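So, here come the structures, one by one.
Each of the next two complexes has chain A plus one other chain: chain B in the first, chain C in the second.
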Partner chain A sequence: MPGLMIFFQAVIQGIMMGSVYFLMATGLSMIFSVTRLLNFAHGDFMVVAMYSCLVLFVGLKLDPYVSIFLITPLMFGLGLLIYRFLIRPVLRAHILMVIQLTLGLVFIVESGLLLIFTADFKTVPTFLTGSKIYLGPFIVGTPLLVSFLTSSFIAGFLFWVLKTTDFGRAIRAIAQSPDAAALMGINVGRIQMQVFGLGFLLLGIAGPMVIPLLTMMPFMGLHLTLFAFIILVLGGMGNFLGALLGGLILGVAEALGYLYLGAGFAPAVPYSIFVLVLLFKPQGLLGGRR
Partner chain B sequence: MLRCEGISAAYGFMRVLHQVSLEIAAEEFVALIGANSAGKTTLLKIISGLLRPFAGEVSFRGTSLMTLRPHEIVHQGIIQIPEGRWIFPEMTVHENLIMGGYNVRAKPRREANFSRVFELFPHLEQRRNQIAGSLSGGEQQMLAVGRALMAEPLFLMLDEPSLGLAPLIIDLIFEVLLKLNREKMTIFLVEQNVQLSLEVARRAYVLEHGRIILQGASKDLQENEAVKRAYLGI
Partner chain C sequence: MKAILAILIVILLLLPHWLNPYWVHILIYSLWFVYLCSAWNIVGGFAGQFAFAHSVFIGLGAYTSTVLYLNLNLSPWLGLFPGALLAALAGLFMAWLSFRYDLPHLSFALITLGFAYIAMFLVSTIEAVGAEAGIHIPPRGNSWLEFQFAGKLPYYYIILAMTLGVIYLSWLIQKRKMGLYFMAIRDNEQAAAAVGINLLGTKMMAMAISALLCALAGTFWAQYTLFIEPASTFGPLVVIQMILFTAIGGIGTLWGPVVAPLILTPIGEILRAKLGTQYAGINMIVYGSFVVIVILFMPHGIVKWVAGRKRERPKERR
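For the complex of A and B:
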């Protein structure tokens, strides 16, 4: 039955792409749970990581998969700096101030990228681009498989950190009550900053890995942020496993949309699911915090 | 050991504390009593660093706490069990206790402190892997006390520990407090239950509308006509 085979092929690709979406969204979700901050520029910083690969390729001939090891620590540092000097000063102010600040960052980053790299679509070749692997009867692009394996490993690692380390427990404690966490002797401000940096670090991994999968352009960041928001609402705000589930649902929905509805309607599928969840289960599929 | 001098605090334009001064020596058991909204919780929040007064100074063992942040005050050995307990509802009993022993001072003796807490509250050991939010009110209060002990307090503050609990549980909690105090822990108890407070504490301050109006040995206050009329209903 060729129809069924194609269906499963799309589901597999969707799950794999979804795992990358998870990588992007979980940082946003963790940041939200410890700071109650929604960073509208989150996706844009993933684009920054992608363009960094371009710079490293043009300048040093580095393959994006090698650049990951340079870009992740840089992104972590960038996250710490942005948190310390831009976010933290306004965090206690009105929520609208914080939203305005991160929206402002969207425009700054996007205009900056436009100035430097122009509006042309860009790609960076990698040593895996174009290669394929046969998984039984199914064909998967090697870059997608690598992204999937990396994301799965990171998901498992993050879950272990949250469950069993003092750092992870401190994150969960702050998510439940920042004041109670402070009374336990947790340096709440420092953990918030580290989590913000961690979210950026994950973007530093996700960005280079999607280079063989997506074409770069300066304005794609807000679209990525929107996807991350949809994932968070799908799974429940600040819910780690919810972000995983949300990412996978979004990936599969998108893949099936392309298969059955064509490129014209497919982009509407994730948004339709988003609306349905908001209508019937507004607290998210696994529940979350407001 | 702990000294508050001329503390004044406000929420917006509403003054809640006026020039509050008090002093608690090492190994004492002192109560702060007064009606609801007298400013008791506000004072504890100031000592823990969760709130800044606009005037006055808190010092602990000779050093000022005014520039310290809440987690640094915890590291000094000042541990608060807040009103409403503030346990972590989505964590297990075991994880809540681990959080109590999170600070660097107490962390090395985490295992020993576990056995100490389970010795005082055997009930918690049975509930070890239960989600804390599903515990009864009494069990949650035991957990809150146990979690505070994991932090090895030098100075333990409790805000309304008897609130909403069955008499049997209240007795259990207060017996533990007396035992801890005999083992030389300094305890500062904030309570609306005046009768109970004056029975366990040796000394007390009376806070009314944000002012300390009376202070003295518990047995003197129990005989005081104003206290009798206002708080003991005699």
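For the complex of A and C:
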């Protein structure tokens, strides 16, 4: 049954890719739950992390998998700076104004990348690019497997942090009610800033890891942001497990779309699924409290 | 106020006669954005619903009239109507889909952006309308019937008339009961529903008007450039640009969507012409920086900032 084999092959690929989408979306989700901020430039900063790998490779001959350790602290710092000087001053304004500010960032980042790196497609070789692993009857690219395992590990770690540490409890408290959290002695402003930095840190991990999987171009960021948003809405806003489910669904839908519908319409499949879900189950799949 | 407006209109009528075609093009492009921003402002500003689907409406207008023109020889002046109708129906459907259950702002923004992407990918796969490559409209001479002109002046006067029309319409909406309904919904949905405003119907109405107007701009653009493609019509870039311009000028004001494109489009075009070959994308960086700065220092847009200074009110505390 070669047809069925190909189907399962695509599903496995999709699940693994979906785990990377989850990594991107969960930062956005945590930021949303503590600040009610929707950062339309989130995906663009993942692209910034990817291009940083390119710079480190061209300048220092660093493999992207090594660059992760340089880029994550840098992304964390960048996140703190952006939060402190751009986001925090307008956080209390209307939500649409903050969205517009991040849309402005989209323009700056995408065009900045275009200016520096031109519109050409770029790739960076890694020591894993092209290698494959056989999982029973299925073939999986090693980079994809590595990103899947890393994402799974990080998902588990974040879940543990959220459930058991003081930092995690503070995040959940602020998500429920910032005012009550402040009254309980939680430094809301500081946690918000740290979570924003953490979201960027996760991008610093996700960016280099997708280098063998995606071709870089300056304008891919908004598309990635939308994927992250769709994952959040699919799973119910601010719902950690929902985001995991949403990420996997999106990854599988995309993989099956490429398999059965061809490369032309396949990119639209995740969006179509999103519209369908909102059509029939507008609270999101796990039906969070919006 | 009326005198100033009259003088401005006379200047706008005479202006292109003193300018070379390049500058007339920049004027046309700027007015096109004034038109689009004002149209978006009806649903995004007055009614406060953050729609990202307007590229779909522009695309529907452009593609419908063009397909009818090339295949059935229907004059674009008549092709305007089915395009506008289709766009209005699409707008009604999207609004109905999103507002049946009170989806939060975010879901509406995303679902409309999702529709824009779906439409773009879908049209890119349809060979009959040129797929990704788009459609070149063959030039058929200088004629009002064909909506094609040798010079830029007729296009300028058409877009000027359209723009003045849409500003007048916005002014009417703002003054009439409909506009008050829109703004009541924007400011407080529960209160609006409590005084008996039909939330779903009013939001659908705002979306339909806005969509219909954008479709007309799509047909105009197709006839002006004689070229349409999925990425530049259905793609999200144009609608994001519309929203940013409106935000810079002042969302929900009558003159905000007029002022900002008139300042920013020429700046962007000049930068692109002077530096674009060397530094591609520099105009977008300028737009982006503008919006960040405006939101940081004038969070309600240029128009309200100017109005606030004129009255010399003490700065509002937030």
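The rule we apply is simple: the second predicted complex is superposed on the first by the 288 of 290 C-alpha atoms of A that agree within 3 Å, B and C clash if a C-alpha of one lies under 4 Å from a C-alpha of the other, contacts with A are read in each partner's own complex, and residues count from 1 in each chain.
Please note the rule applied: a residue touches a chain if its C-beta (ideal position, glycine included) is under 8 Å from a C-beta of that chain, and two chains touch if they have at least 3 such contacts.
Not measured: the values here are computed from a predicted model.
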Notebook entry, point to check: If you stack the two complexes on chain A, which partner ends up touching A:M5: first (chain B), second (chain C), both, or neither?
Noted result: neither
Item checked: First (chain B), second (chain C), both or neither touched by A:L135 -> neither
Check: Regarding the shared-chain residue A:L276, is it in contact with chain B (first), chain C (second), both, or neither?
Finding: neither
Next item on the list: With both structures superposed, pick whichever of chain B and chain C touches the larger number of chain A residues.
Entry: C
Margin query: Looking at A:L101 after the superposition, I want to know if it touches chain B, chain C, both of them or none. Which is it: first, second, both, neither?
Written below: second
Check: Thinking of the overlay built on chain A, is A:L149 touched by chain B (first), by chain C (second), by both, or by neither?
Finding: neither
Note to self: Is A:L222 touching anything from chain B or chain C once the two structures are fitted on A? First, second, both or neither.
What the structure shows: second
Next item on the list: In the overlay, answer first, second, both or neither for which of chain B and chain C A:S177 touches.
Entry: first
Next item on the list: Could you give the residue numbers on chain A that contact chain B in one complex and chain C in the other?
Entry: none
Check: Inside the complex, what are the residues of chain A that reach chain B?
Finding: 166, 169-170, 172-173, 176-177, 179-189
Check: Along chain A, where are the residues that touch chain C in the complex?
Finding: 38, 86, 89-90, 92-93, 95-97, 99-101, 103-112, 114-115, 118-119, 218, 222-223, 226, 229-230, 233, 237, 262, 264-265, 267-268, 271-272, 274-275, 278-279, 282-283, 290
Note to self: Give the list of chain B residues in touch with chain A in this complex.
What the structure shows: 48-50, 69-71, 74-75, 79-80, 82, 86-91, 95, 98-100, 102-105, 147, 151
Note to self: Looking at the complex, which residues from chain C come into contact with chain A?
What the structure shows: 48, 50, 97-98, 100-101, 103-107, 109-111, 113-115, 117-118, 120-122, 124-125, 131, 236, 240, 243-244, 247, 251, 279-285, 287-292, 295-296, 299, 318
